[in-house]
């Protein structure tokens, strides 16, 4: 299921094909996953998203693997099935062990639990947490 | 605003007071934040939540600071204002620098963006992402 | 804060004032809460919402108090602060005890936890759960 | 998968069948989509939902196509796969071009990004935005 | 699809197998559903989750069936497809009639509607709803 | 409340100040709202966000006002209070009438209602909605 066709290399426009090539080179694989093939209908969005994502997810103030874990956490909270799948695969490729995966899931689950307790009780923010 | 009164040390039951003391000892501060004072109406939940949270957020397969970043990511996606505030303070106390904070926010924001693109386009999960 | 003014009885149109009177009569109080005063800019929506809500939340296949608990659960999951506050007040008025409130919060929290575990692990639905 | 059987014309009750006929007439097609067949177990809800939806989504202060775009935006933010699919089909039927679709997706994605930045930073509402 | 393999009895560790047996005994069936088989990679989480869930969902201040309805409400608001399916099956097993199911869905739907109205209008919480 | 200080013109770095000036010029007002002052800690994110947002929200395949309505819809579904306030103000500045606002709220509310009905019933996507 999808709301747009997934574009093959042949169907994609020249700017989209160039992004497909950049993805292949960066990842060292011929495979281009469905997200990019769906986004390829909007070549400007495809270019912008790939450029920003590949820059952000590389080395920086946070480790690339840590950023994949954060991505999984957000994707889980948003209920984005595709995103949970693709970023779990990416995290494994970057070194996530089964023990780290289990602890990630436990942390996401605990955060969802205490978020719900806080929201159900409507706990007011402590003054000392304010930085404004 | 809250849907239950925040219990002072005097108003809390004996089991709740014992948790308050454990929190003070673990954190090296006299301050007990509002979440625990709201949860203190349900002493069993207070005990269980504190025990599990303090065990989970300590050293493990993931670094304690990384787990705070994950907590902030989930809390942001869930729109839990109190939780974003309290875990941002906790992350700073565990060493989060302004540069790490900025990169965390950028990662959360990018994940929300691509989650939305995926969901709007209803991208089907690639077979290779399946582990079942 | 609000994105529209809250209409007083004097500022509201005649159809809105009639709904305000119906609310007063149904609840046996002179107080009309802010939700209805904000919605009063759209008199048709105000009438429709009050009519449907008051019919739905009365006796039926489910007890009125149970329906308030369900309302709190949804409002918590959606992070609607106003709604959690107003329906917690309504549930108390219909007989929710502190013990019931604590168990409601624990159930909402547990559901958020296991929802997150399921979503992070992307558990496939068992065939036997399908009714289609 | 579904939590209730989808009712065929033969299985549906008389009030549900009347709604099916109204849908067919309004849309000029014999096809009744799954949502209505699932909702048909609750004939009152089916009638009320169809009546309100068909009135709301027709001409008004906003163009019918604009309202479909809003529906897609909400459905995406809520992660409702069925709803994204059905309202994207409806928007196309009402004239949504590929360029409009791409710009809609870009707007939804950008809104999710800045929503996340705001929530992670807990930006306080400017006084001038208050209308209450 | 899943991000971890579902463990059979043979593949699961001894602590996981013991939980599988407890599930079978509590439910009077040989069948262990996918959630537990996915969670079995983290035996501590599996034990803790089953222990807390089975205690919480039993008799208490709220009826077991009411707690299943609350679970369905939260799972729906979170868009957790698996959870909606599994808890709808559990609610039926505990006595939920088609009439109760229809009224549950109507209540969840109405709550989502009024939550959205409140949030779009940013209605401020009435002072009288505050318990802090 | 905020998790970072809101930077004044004096406190902001040179790249942030340049964005503040661009905002002032584009809007014809001296006022820079809190979102940009909070984001100014990350000058690259500030520049990127302003550049992309101002380009996207201008004329295109969709009318600028329509894009503000979409922004309000997403912000409401995400429960982002700041975002609902700021984009409602922006929509009014671009010509949203009270009648359009009321119809927008009604559409968002109806979408949340039917999203919930679909999710609670787990309606399977009709084959004809698939474009992949």
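We just call them A, B, C, D, E and F in the order they show up, numbering each chain from 1.
To be clear about the criterion, a contact is a pair of C-beta atoms (placed from the backbone, for glycine too) under 8 Å apart; a residue touches a chain by one contact, two chains touch by 3 or more.
Chain identities (UniProt): A, B, C, D, E, F = Carboxymuconolactone decarboxylase family protein.
Computed from a predicted model, the values in this text were never measured in an experiment.
Where touching is counted per the definition, the chains common to subunit B and subunit C are A, D, E, F. Centre to centre, using the average C-alpha position, subunit A and subunit B are separated by 20 Å. Each chain gets one centre point, the mean of its Cα atoms, and the points for subunit C and subunit F are 26 Å apart. With touch defined as above, residues shared between interfaces to two or more other chains in subunit A number as follows: 1-4, 6, 45, 52, 74, 76-81, 84-85, 88, 102, 104-106, 108-117, 119-122, 124-125, 129-130, 132. Taken as a graph of touching chains, this assembly is complete, with every chain in contact with every other. Interface of subunit B with subunit D (complex): residues 72, 76-77, 79, 81, 84-85, 104-105, 108-117, 119-122.
Of all residues in subunit B, only 1-6, 48, 52, 125, 129-132 touch subunit E in the complex they form. Listing the residues of subunit B that touch subunit C in their complex gives 1, 3-4, 41-42, 45, 74, 78-80, 132. Residues of subunit B touching subunit F in their complex: 79, 81, 84-85, 88, 98, 101-102, 105-106, 109, 116, 124.
Partner subunit D is touched in their complex by these residues of subunit F: 1-4, 6, 31, 33-35, 38-39, 45, 49, 52-53, 56-57, 60-62, 66-67, 69-71, 73-78, 80-83, 85-86, 88-89, 97, 99-100, 102-104, 106-108, 110-115, 117-126, 128-130.
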